[in-house]
């Protein structure tokens, strides 16, 4: 589904980022209830829902199983991936809270997201992002070949190409997600919404820290290309199809190719 | 292949939309003849062509088998999908006539389409569109979880993301198709041609009926982004890479970011 | 990873294009050494690296095995594809030297490419390009149904859609590669770098020779759309998101939608 462009209320945003075990418990109960309801109304899906959700004792196990199945190949077995994901969730609890925040973000900001289980099972943006978070952990552990093998599978299976070294906040929504490319030194803040075909790339002129830094609550429209170590300020909006080579101040909208600034807090643009 | 931008003759267009059982019989014979010829000239493909085309008694069975194989996963079995597609074709005969019209559209409008069987077997835009038509039937039958599971497989396998609720006419060509995103309340008319990376999305400002309405015979170039509940009139042409946020009158061309109108019946544009 | 926009030194470029058996021997030793090192440091990858690289006696065998596994389906078996690729490499030695040149191009021009084996195993642009070279050989041998079946698998698996008839030089880097579409009569020179979402398409106005001709050393930024039988001169640069409908002289930069020329040898543009 597409995005609601209205900013999420600050309270919600904070609760999403600071979610705790109680939140996760509630969310996992909710997901199981949805899966039970769907399995009853659609027997053709019962076996699928049992294997992906209902047979598991936690969100982490369900997600590990589902990602393992989606990303496995004849040479990279689902069992290896399942263990890899489970170990990652056990090692770094922030992976779980990020998954919970991302599920909430999809449910709150995407009007086409009809349930949490719908997002967990079907949103390639959500699944690619959780796999990237695990690849990022491997990258930080200096397990780069494994991080890159996982990255490659995500790029093949979901057509979402986020470098394992990129840092991504919580409550992030990759909506539709096909064609998203995020470079090695990019940073994405909390509660950011990114549509499909968005590139956070380099200009090629410099090495090192060469990719965009995206502030909290930013919205990036479909097909926008942001290049270079530029800063997109908190709450900024980047119009669909824009090519952005400059900093964008907070709460400001940038549109066009090349992008120009068209609005801010005092001068709301059409795109807000 | 890319599009012939010349409009299909009205007679052809109508025959495509109003095709009947006779048409389908002729087309299916043609497809089998092509497959027999190819199997003879290329023994390496014989087994593939037998299992996908020559072993089947109808276009519907061939298509159901092929889609089931392409879209299945370890948790969503090909047999389940095969039965699902076969039942859909039996329930709604308009699915067959739409498939026939879409095959004709590819053969007539795409110079790189060398045979009907080539389109049936290889065109991800054609296959994604037929799967969406079945998902749309499930959606109208209030079988939403199954419709969305099918939608998700199509988005993963073909990188084509058309919401099950979107309404699509007949004789539609999704050319190349990678990266196409079509929202929940979008409507696409008959004999429309849509290139790859095209978005029919929402602006995010409103809920409800929030996606574009594409008239009959419209051509939408590669990478065009059309946002909001705007109306693209019959026979209009949208240039590659355009970002369209406004209505486009019939027989008119829109280009640029943001798109401006550059031609019409009396003032043909360069893009026609 | 993204591109270093600095032109590769001429000497390197020539050595890449004119690489010989010695080069390939060195590169294959290097790839095996990398795989051995990675298998030791990451036991979880040992079996994967053994089956894809270490068990093979040559780059051609490794590549054929890996492509066969990536591109196979339940109806197009990996063994058939493996034999097909091996035979192609045996028939046309330029396929091997092109693969070597492409591996060097990725390692030299993409700062995110940390090793040759990383490119061989994980770069969908590299793998799609090698598969296209084989499909192109089949096309020239008048084995069109098989060439198109292979093309279709590459489009499904990698979301990279390069027509089998397109002619591609050596030392070519398809970086990220998702969404790339290259038409039937397109020609791509040596040492060209092409980012993701790039289209080399037709305008639809004419049949026959209707796609772009890309000179040696050209760089095409993310999301650029080049349409028609236009000539992009040697060393030209096409900015991200540009829509190019005109010839671009050598060493010149084109940006925007529609693209305008903004620099050349005497007037370097910001994008160089």
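Note that the chains take the letters A, B and C in the order they are written out, and that residue 1 is the start of every chain.
Here, contacts are C-beta pairs under 8 Å (C-beta built on N, C-alpha and C of every residue); 3 or more make two chains touch, one makes a residue touch a chain.
In this text, all values refer to a predicted model and were calculated from it rather than measured experimentally.
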item	value
Proportion of interface numbers common to subunit A and subunit B (over half same, under half different)	different
Angle of rotation relating subunit A to subunit C [CA atoms, steps of 5 degrees]	120
Rounded Å distance between subunit A and subunit B, as computed from the means of their C-alpha atoms	28
Sequence positions of subunit C contacting 2 or more other chains	159, 178-179, 197, 223, 241, 257
Residues of subunit B touching subunit A in the complex	73-76, 80, 84, 143-146, 148-149, 151-152, 155-156, 159, 161, 163, 178-179, 181, 183-184, 197, 199, 201-205, 207, 210-211, 223, 225, 227, 241, 243, 245, 257-258
List of subunit A residues in touch with subunit B within their complex	1-6, 38, 41-42, 44-45, 47-48, 51-52, 69-70, 78, 111-112, 114, 118, 121-124, 157-159, 176, 178-179, 195-197, 219, 222-223, 239-242, 255-257, 270-271
